[in-house]
Amino acid sequence: MNMIKAGIIGATGYAGVELLRILSTHPYAQVSAVSSVSFEGKPISEVYPNLCGIRDDMLGDEDDVIQNSEVVFAAMPHGLSEPLARKCVDAGKKFIDLGADFRLTSPEEYEQWYGLSYKDPALHSKAVYCIPELHRASAAGKEIIANPGCYPTSIALGLAPAVKEGIVRVNSVIIDSKSGATGAGRGLAQNTHYPDCNEAFAPYKVASHRHTPEIEQTLSELAGEEVKITFVPHLLPVNRGIVSTMYADLKKKMGLEEVHRLYQEFYKDERFVRVMEPGKIANLRNVKYSNYCDISLHTDERTGRLIVVSTIDNMVKGAAGQAIQNMNLMFGLDESAGLKMIPPAF
Amino acid sequence: MNMIKAGIIGATGYAGVELLRILSTHPYAQVSAVSSVSFEGKPISEVYPNLCGIRDDMLGDEDDVIQNSEVVFAAMPHGLSEPLARKCVDAGKKFIDLGADFRLTSPEEYEQWYGLSYKDPALHSKAVYCIPELHRASAAGKEIIANPGCYPTSIALGLAPAVKEGIVRVNSVIIDSKSGATGAGRGLAQNTHYPDCNEAFAPYKVASHRHTPEIEQTLSELAGEEVKITFVPHLLPVNRGIVSTMYADLKKKMGLEEVHRLYQEFYKDERFVRVMEPGKIANLRNVKYSNYCDISLHTDERTGRLIVVSTIDNMVKGAAGQAIQNMNLMFGLDESAGLKMIPPAF
Amino acid sequence: MNMIKAGIIGATGYAGVELLRILSTHPYAQVSAVSSVSFEGKPISEVYPNLCGIRDDMLGDEDDVIQNSEVVFAAMPHGLSEPLARKCVDAGKKFIDLGADFRLTSPEEYEQWYGLSYKDPALHSKAVYCIPELHRASAAGKEIIANPGCYPTSIALGLAPAVKEGIVRVNSVIIDSKSGATGAGRGLAQNTHYPDCNEAFAPYKVASHRHTPEIEQTLSELAGEEVKITFVPHLLPVNRGIVSTMYADLKKKMGLEEVHRLYQEFYKDERFVRVMEPGKIANLRNVKYSNYCDISLHTDERTGRLIVVSTIDNMVKGAAGQAIQNMNLMFGLDESAGLKMIPPAF
Amino acid sequence: MNMIKAGIIGATGYAGVELLRILSTHPYAQVSAVSSVSFEGKPISEVYPNLCGIRDDMLGDEDDVIQNSEVVFAAMPHGLSEPLARKCVDAGKKFIDLGADFRLTSPEEYEQWYGLSYKDPALHSKAVYCIPELHRASAAGKEIIANPGCYPTSIALGLAPAVKEGIVRVNSVIIDSKSGATGAGRGLAQNTHYPDCNEAFAPYKVASHRHTPEIEQTLSELAGEEVKITFVPHLLPVNRGIVSTMYADLKKKMGLEEVHRLYQEFYKDERFVRVMEPGKIANLRNVKYSNYCDISLHTDERTGRLIVVSTIDNMVKGAAGQAIQNMNLMFGLDESAGLKMIPPAF
């Protein structure tokens, strides 16, 4: 079998370089070209010395990437993906967008939360938002995949069974998420300056984070009704990982065992979702550097609430790993190809 | 003025040694005796070399402490304070308990959550639970003060204005708290082993932490009705600090400015509570090593919820600092005496 | 090709569980059995929930491991390996010892530093101490491999070219090493209690660490004369990684370029040693989770000294990874089989 | 007694804001004015929210500070202090420079290491470099004090007794220092970006750091001969603290007890230097947030070397605290005034 030629636009961002790392050991794909606006003309190992002698690929421009690839991953800030996607579609290349520009099906919501409008609406009909465990059926034959955001992945996987099966009041959902500092990217900023971030902790963009409509879009589809949730992200002094602690009122009294069976059943065929035994608690330590999502379930009998804790590695299942899972899906491969990394104990 | 003679039982625990440190620079009190079951007969600076040459006090037993002090602080695991309090009361010494044994007014709740019963009920009528900002009026003339728990302090201060003024539905309250590792104490445990705790994050005792009834007791008093809340604590990979992110349904639509005014008014005479300007966000970085509680306010207009973020240093306002504030209150001193530490920037 | 059956004695220690993780993706080997004294009878995923659903191997005893394996890895405290090695040799199984019991060729030094004597001297003639880059020639046909210690690996690789080529005065060598907390193992201890280890830094076992004779043994062989060095290890508040900063007087004035060429030449065929370009500085960040050793070279022209910085992942090249490299060597495989992990950028 | 009016130029840098914090509780001094180029016209609490409600001083310009102060602290990058000092001297104000511009007595060395020349040589005769424990005698009557660098403070205090008493070969001295990230300042940089600095460790400016000539200047004075040392600093993933591990050949065999007595005698009247008992090891944990310098002594009998470990808080004894100690000295106060902070246990 020929190796799939995969290119990365924006390879020196955190999601981009993680894609490069994981794709480099993929059994059926190889990285064919990488680009960077800031570092064009340099080997990527000059920016990331961890790659020295392993991946010294020269950073080119986006056209180099598109020309030399069958599938193009774009890991760019929002607002830049439409023209890239257009070039890929016209050139018959598949396009996987790690940015936000194809995630929202509603142009109004995109405009409201991102302050930009879709310029090339025809593209959006060729695109699908895809958390494979929830949307793989609708991904068939699509040319563009919108790779989900990190928070929305942890949240949608954690709430899907409860919302889909209708055991919780969807408008009672409150989501308290905590993300490691790589979620803020490679760019320098005061709140990720080491002395500011270390031995510190706070929420940010309280009830105003751009992932909110993406979360609501998925939950609304699952619920079959419009859902509004409260979402508060926090910056956690670790490099990697997201923990989402989620609260919802149970429609009727349910024991933990019953909820657990429902989740087990929902995810019984999924390799990357681990529904933990009752009594266990999800910890980001156990999924770091892997494509797993660990989910633990808890009931607060005193108040009639369900509490779901969902954790992923924000850079793997929350970004690069899931993008590769989506690539596998697009090319009809085993979804876990290249993603068999076992989370280390420490 | 004579210096108040203050003794510490359990001085080698984290709360105990922090008491010793802060009391050592108190203008009107001095540490007269310290005890430790594990290290009796050794100087405390052998256990804590940071104190070497500064506080080389010999560790004695509890009777040494009681005999040599006007006020006794006990920083012991729960279940051990009643006999200590009895000795103090009988000897005419004031008693400030940093443990849990005098916090709950309901013997039933104490039994339910701690698995123990009150042996000396007469003592409890001499005791008062006291977060000074909320309960100082009722502390007058009491011989025993139950110093509040760390989580309950951050939570009660954060919710008091909203609950007291009746702007939120009290039974909608959800509390997602995160505490630094000193909260778990000096004792060795797997989850505070460095490689387990570093680069990790998870909740623990989900909806089952013993601080739950203490939180509900305070909120119920403030609300004038029985309150049941959902409380989930998390272990944060930092040494110090608690952040509580709290969610509640607003009874009626209220703007952020209006909520802010209400909080400002409520705390206008308080030195240690800082209600942050609208738009600012509380961060534990800004209160570390101080007795401050920072509170930031946020509204989620889309869902009609109030979000309060409250942060303290768990070892100061959450333990030793508040205990000294209570001592000041007991002795009629300025509450801030000895507590003027300015939080460092880093 | 049949998969090599590899067993792990002491699989629940940090080196053991890291072996299990890495071996699980080895193309030519599979983990056949695992044992643990403390957790016998439980699945290893109960001790390490990161392995849940991936490696739920039941923990047996040492005899289960030996019986079911072609090669046995022992990751045990010192003093326990001889009887295990004896059983393996008698049963015709290869034995790779991650402990210290076969590292020192001199029984006197072993006794002096470890306080124990060799009970089964015949075994030691079947054993070889092997950092593959330095000793692979002598490993041929040996039944027992003594896998080197973490510090000695970083140090020997960093100094070998300089010492072998005789460009430094060997008795001027001073080694200042810093190791992440996993180096201290899974056992609970005060200095690896999170609040003690976090935001802290200090040396330990100053000029008295047991790795000293192992370091000197290798350097003496390379130098062809007896070498005595000063070695001071420090505990670094990170999970993984060792950085050794090493100082030696140059016998005669040499430019950095010249030293660099000598190192490049020495390691020109080595996959796992990266001699960095002049001007670059080795950082443990770049080798974490990989089998690489990064070496940077520096000269202090003002004092005529050579400074070598060598960094490895203490649990991979410093323990489990190198043990697998040694297994590959024993079985005539490509040394890098199963060890192609690319160090992540973060 | 009137409070001394102290002003801070460069108050929003890390050393500046630490000065403000510590001076705020000084019994005999008060902060009269603060300035900042970047944030002029804003209250400092807007830049440092930890100060909110405590120090809301408006940031002015340098002339505001000079005019309103009796003593001016300047915490600026090198190259900017001479004109400030000139203004202060002309206006009869004392000047304490936390920068590097008055530290080196040799204009040639300043030019060589900083690439700048002294413009106002007359000023330098009014200035003295002062680590109080070593230079207080020569500080009498000086109008300008050059406050020492952080590394040089930890190193000079650690080596002074050995060098002054002539027990080590001064040109054998090798210094391996490790500093927390606040040492790099408030300015954003890639190597202090959280994901780059966390779980990472490396040296920087190997044998080329600008503190080298300052270290050598002090050691040369103490030794009475020209000293050349090797100095390698490392970036430590903690906020605060420096540990310097120092190696020197003993001129003749000396036992640890003998060295210890010599150090004890040398520092017997010093409040801020703690010579630890033989067998103890200095740890930055024990001096954080205090003005102490802890020194532990070790001998490597096998190689005839002395090993000294010296640790300080880089922002206190290494910057702001020592500057205040120097102010106390200038004004004839008890040197420890305002500096009685007890290092916390965690």
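Just so it is clear, A, B, C and D label the chains in written order, and each chain counts residues from 1 on its own.
The rule is short, and it goes like this: a contact is a pair of C-beta atoms (placed from the backbone, for glycine too) under 8 Å apart; a residue touches a chain by one contact, two chains touch by 3 or more.
Note that the structure is a prediction, hence the values are computed from the model and not measured.
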Chains contacting each of subunit A and subunit D, listed by label: B, C
Greatest separation from subunit D - chain, by CA centre: A
Between B-D and B-C, the pair joined by more C-beta contacts: B-D
Distance from the mean Cα position of subunit B to that of subunit A, given in whole angstrom: 39
Mean-CA-position distance for subunit C and subunit B (Å): 46
Length of the line joining the C-alpha centres of subunit B and subunit D, rounded to whole Å: 36
Residues of subunit B engaged with two or more neighbouring chains: 14, 182, 195, 198-199, 237-240, 283, 285, 346
Touch list for subunit A against partner subunit D, complex: 14, 181-182, 186, 188-190, 192-195, 197-199, 237-239
Touching residues (chain side subunit C, partner subunit A) in the complex: 14, 17-18, 21, 24-25, 48-55, 182, 199, 239-240, 274, 276, 280, 283, 285-287, 289-290, 315, 340-346
Of all residues in subunit D, those that touch subunit C in their complex: 171, 174, 176, 178, 195-196, 198-204, 206-207, 228-230, 232, 234, 236-241, 243, 245, 247, 281-285, 288, 298-300, 302-303, 305, 307, 309, 311, 346
